[in-house]
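In what follows, chain A forms one complex with chain B and a second complex with chain C.
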Partner chain A sequence: MSDQVTLTIDGKEVTVPRGTKVIEAAKQVGVEIPHFCYHPGLPVDGNCRMCIADVRTWNARAEKHFPARRPAVTCWTDAEENMQVFTDTDEVKKSRATVMEFLLINHPIDCPICDKAGECMLQDHYMQHDGKRSELREEKIHKPRLKPFGERIVYNGERCILCSRCTRFTAHVSKTHDLGIVNRGDRAVVELAQGSTFDNAYTDNVSDICPVGALTKTDFRFKKRVWFLKHTDSVCGGCSRNCNTVVDHDRAEIVRIMPRRRDEVNGHFMCNEGRDIYKSLAATVRTSAPISRVDELGAGPSWDDALAWAGGKLGEQKKGGKLAVIGSPWMSNEEALVLGHLAGKVCKSAWMDIKNDVIEGYPADDLLHTDDHNPNRAGVIAAGVVPGKKDGKDLAAIQEAIAAGEVEVLLVWGTGLANHYDSVEAMHEAVAKVPVVIQLTDAMDALSEVAQLVLPVRNWAERDGTWTNFEGHTSRFRKALRPHGQARDGFELLSAMCTAAGGKPPVKTFKDARKKLKQDPDSDVREVADGEFAFYKGQSLYRHHSGTTEV
Partner chain B sequence: MSIDHSNLTWSKPAADRLEWLRTRYPADKQRALILPVLHMAQREFGWVSPSVIDFVAAAIPVPTIQVEEVACFYTMYNRKPIGRWHLQVCHNISCSLMGAEIVLEHIEGKLGIKRGETTPDGEFTLMGAECLGSCGTAPMMQVNDHYYENLGLSDVDELLETLRATADIADDEANVAHGPGSGPSRKLPQDGEAHTAGSGVVLPGHAAGGH
Partner chain C sequence: MSEQLGQNADFDNLIDGHVMPQPAYQGEFTEGEIVKYYNPSRMTLLEKLYVPAIIGGLMITARVFFTNMAKWGIWFTYWIRGKGKDAPKGAVTIYYPEETRPDYSPINRGKHILTMRQQKGPSGEALPQCVACYMCATACPAFCIHIVAGESPDPNIEKYCVEFDIEMDKCIFCGYCEEACPVDAIRLTPEPRMADYQRERMIYDREYLMTWNPTYVEDDHVYPGGHPREE
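Presenting the complex of A and B:
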């Protein structure tokens, strides 16, 4: 038997590996089969019956297709050779409408106060596949509507359609077995296991995968109607996993962070800490303009003056060789390429390394968390900021040289230099021996209090770039927010510093940098989260209802 | 007779039976043990309390939530403490036609409780039940594991008196099995001991156990 099977779906021929489910095969030819319980990141359950289609199998001996006795569940049915699938027949449409009617019997239809409205599968499928008035005269069944599942999730039993996505998530993905469906028939509800506090690091995913508004996040409840959100592809910097994310923002403010599917990096999910990272971002202390502590520049120099002065100091080191460069695992690959060039080629720096900007975080686990709480150590090294590149003169050597007063100019990217000293005071004491300390940073820290020049750069939400995770997969993040004050793009600023120091930047444009780094085109992969329709992402409600979909 | 659920342990026969049950399912399908082990636990400990659920989950072992899901789904697992005598009056079609509602109301009046409740002295728990498979001898009720059929109101009165006077379930089980009631009572075969059920009185033409 061949490993591939060829079948037709709504007349479109598609070849898929044997064992592929019909619903997945259909996606490949642009046929989106409506569903609720199916999720490619979870084991198949087949309970909602929404994904039914007319599936006809080929009988080789009779040399004809067997007519289907009844519609088949496409999320459960394997694609077979010569199979014919019809997803749009009158019978199938009628079955879907019946399923919808059934699911809505006890659903409260409280969309106006539901956080899921606008990205709710039940709502969309109703518009598309049912659209009828309710014929029900009986009172709806009442269930708990405000039941906390742990600190972060609130359960509404009336909205729940019992698709079991959340229970399968806790059983098979987080493997914490927190949720289950108890009781039966119209009394069935999702329930927290007795003794469970539902406080593991991945609980928020159950809200993402909930096809209705039954599981909402305390962090997002009643905060924003989803159709006001703008969606920007991003990457989580919380650890070296680099979970691909979508930053949902409105009016220069990040409202929530959602996972974006990237099979080889994070699959479909992300952790709670990564979702909360926007809060720490909003809490950072920043400077909106360059700060100087040298007399010739004054306290608030212009960018031009600051850059010229910094370039001059760096340029002087071409011969002296007393420049130490400390990069950061929070730099993008493109920035690291330019910094490596500036330090090594332009200024002939003697010392180069990367510091540990963030040393505290969630412990590593089997699912997503890694033990490096910085996103891009692997990428920064690969792009050219190599620890101890010259004669093994790494961070330890830099610290020794600083202590011995041998370093004339110290160029630091980002925060957390004090992590490498016993205390902030010890760090202050050490860098006091360096005549010129230049810090390029997106957040103020202990070093910013003493550095001769602090140049504000844009943080990850304000700039374009790529990070490479600990397994070597590169992911692209994009500018979501307006930059803070006069903060400059790191790539552009470092390129300008190359010129100011009397050299030339290694590449002209951001695109050239990516080309030079030979980045895998997959780093731009942009897949929508599963179970969600393409038109949720970056599309307005109006376009959604006018039927424009992005496949 | 209340059993302390704070420190549960299996009796020797139950522990042996659990080991025997294990051999009936493949090693990777031990989840299938939930039903029989819950039944066994209910017989051992009286009712399926949260502690019993934890105990069963640990004994199999499976995640607690899976045991909860099963225990909530089936009505034969008692999720509340029940009285010494568990009266389940069938009120499905045949029994209703033959006056099950009258029987139920009569018992309710007699014991001073509603269906679903237990008498304050802990003697009786009354429940309505769906079809117990004894339609030919309606109306009927099940008391603990025994059927009482062709019930008349005087039979019910007599039965309740007898039950109240019966000191201990274990000692008098045989006695109760042949207790009052115009129809013969049948002992339900217990799971795993169906081969011994032949000793009870089984009406010709009725499947043993009423299934």
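Presenting the complex of A and C:
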């Protein structure tokens, strides 16, 4: 028996590994089978019966297809050799419409006040597969509404279609067994397990995978209708896992962060802390223009003056000077490449290392969280921000050199240098011995209070770039927001500094940088789940993003 | 019969058994094998002259002028008897801020109102019927409706509008918000007067929209298709 099987779905032939479900095989040839309870990241349950299709198996002895007695659930049926699947017959369409009718019997249809409206599978499938008025004339069944599940989730039992995605998530993915379905028939509701507070780090995922608005996030509750949101592919910088995300934003404000499917990095999910990272972004103090504390430049220099001055100071160090460069694990790979070139090749300094920008955070676990709360340590090291081979100094040695007054120019990217000193005062005392401190930062910190030149750069939501996680997978984040004030893109700014220092930037474009870094081709993956949503288009006001959460 | 139908060249034009004549397009001619088009004249000679049309227009103007003057003559007969105030006016000039037209249509689209629920809130305050679904803001072609949603003080109502601002100077009075509203929360009254001296005052907030012409809806909607809450 070979490991591959070939089957026909709506007349299209597809070869898939043995054991693949028919619904997944159909996805590969662009046939979209509607479903509620099936989720590729969860074990199969097969309770919603929406994914039924006419499945005919091949009988090798009789050498013909046997007509199916009844439609089969494609999310539970394994693909077999020579199988024939029809998803478009009248019988299947009628069955789907009937399933929809039953699901909508007790659904309150309160779409105007439901936060899921616009990205709701029930809405989409109703428009596509049902479209009838309800035949029910009786009063609808009432169930608890506004029931809190922990602090982050609100449950509305009336909207629930009991697909059991949330219970399967807590049972098989987070393995906390917080949720379960109790009672039978039209009295069935999802309940919190006895004694459970539902406060683990992955609770918000149940709201993402909920196909209707039964589980909504308190963070997003009543905040924005989803059709006003713009979606930008991004990467979470909360830890070195680099979960791929979609940043949903309206005007200049990030409204929420949703996970994006990337099987080898984060799968389908992300943690609550990663979703809240936009709040810390809004809380940072920033500068909108360069700040200087040297007499030649004045307090608020223009970008040209600041760059010329910084380039001059760096260029002076070319001939046996004392330049120390402290990079950051929050730089993108491209920026790290240019910074490494600027320090090592242009200014010929071997004193270069990276610091720990963020040291506090949630503990590591065996699902997604890692111990390192900086996103790109592996990538920055790989791009060349490391102590030079000859006379190189790592961070501890650079600190000693600073204390000994050997360093003449200190170039720091980002915040958190004080993490390596006992206190902020100790850091201020040490840095005071350096004549020229240049800081390129997206947020103000203790060093910005004393640095001779502070140059604002864009943060992760405002620029393009790639990060490489601790396992070596590279993910790309894209510009979602307008830059704050005059903040400049780090890649472009560092390239300009290379020129100002009398050298040449190593690469001209992002594309060249990625080629030079030999990044894996997946770093630019955008169409992860494309095709999956084609049947929603035109049905829903929500413009489904190509790489958004798999539903 | 079926054979005849199939052979009929005008089969596509058959509607209820009648052959619909295909209108021939005049502006079509062929040069060799190439089909060319021009814009055929649709005006008659009389129309091309323009002078009769100008005379016709002047006649209408003159007729209206003399009719109005005759009406002022009627008004004069009242005025001379000292009954000038009761007299019908002649020309239809209206001295706007002092006078207004009494004959606005009842379906004229003017100043908005937010309707209120008959049931008061827990502390006796009037609650808007609005459930903050943003349908009006979505439908609005001028983007002049700004809503902030929040948890309602009434536990029976889940969502309501904490803020509801309409920029009246942007509004084009298309009435789409009224059409889009699923709970009859926003209405356009016939009221045409909303001129003001300051732009800031053209942004009407929730309180003003609810109170300038207080209106209560007949049925309080908990939410569309909804029902009172049962615990």
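Everything that follows uses one rule, which is that the second predicted complex is superposed on the first by the 521 of 551 C-alpha atoms of A that agree within 3 Å, B and C clash if a C-alpha of one lies under 4 Å from a C-alpha of the other, contacts with A are read in each partner's own complex, and residues count from 1 in each chain.
Going forward, contacts are C-beta pairs under 8 Å (C-beta built on N, C-alpha and C of every residue); 3 or more make two chains touch, one makes a residue touch a chain.
Predicted, not measured: the structure shown is a model, and the values here were computed from it.
Applying the stated contact rule after C-alpha superposition, one finds that A:139 touches chain C and leaves chain B untouched. Look at A:227: by the touch rule set out above, it reaches chain C but stays clear of chain B. Once the two complexes are laid over each other on the shared chain, residue contacts for A:179 go to chain B alone; chain C is not touched.
After overlaying the two complexes on the shared chain, residue contacts for A:2 are found with neither chain B nor chain C. Listing the residues of chain A that touch chain B in their complex gives 167, 171, 177-184, 191, 193-196.
Touching chain A in their complex are the following residues of chain C: 131-135, 138, 149-151, 158-159, 182-183, 223-227, 229-231.
Residues 50, 53-54, 63-66, 68-69, 72-73 of chain B touch chain A in their complex.
Listed in rising order, the residues of chain A touching chain C in the complex are 108-113, 139-140, 142, 144-146, 222-223, 225, 227-228, 541.
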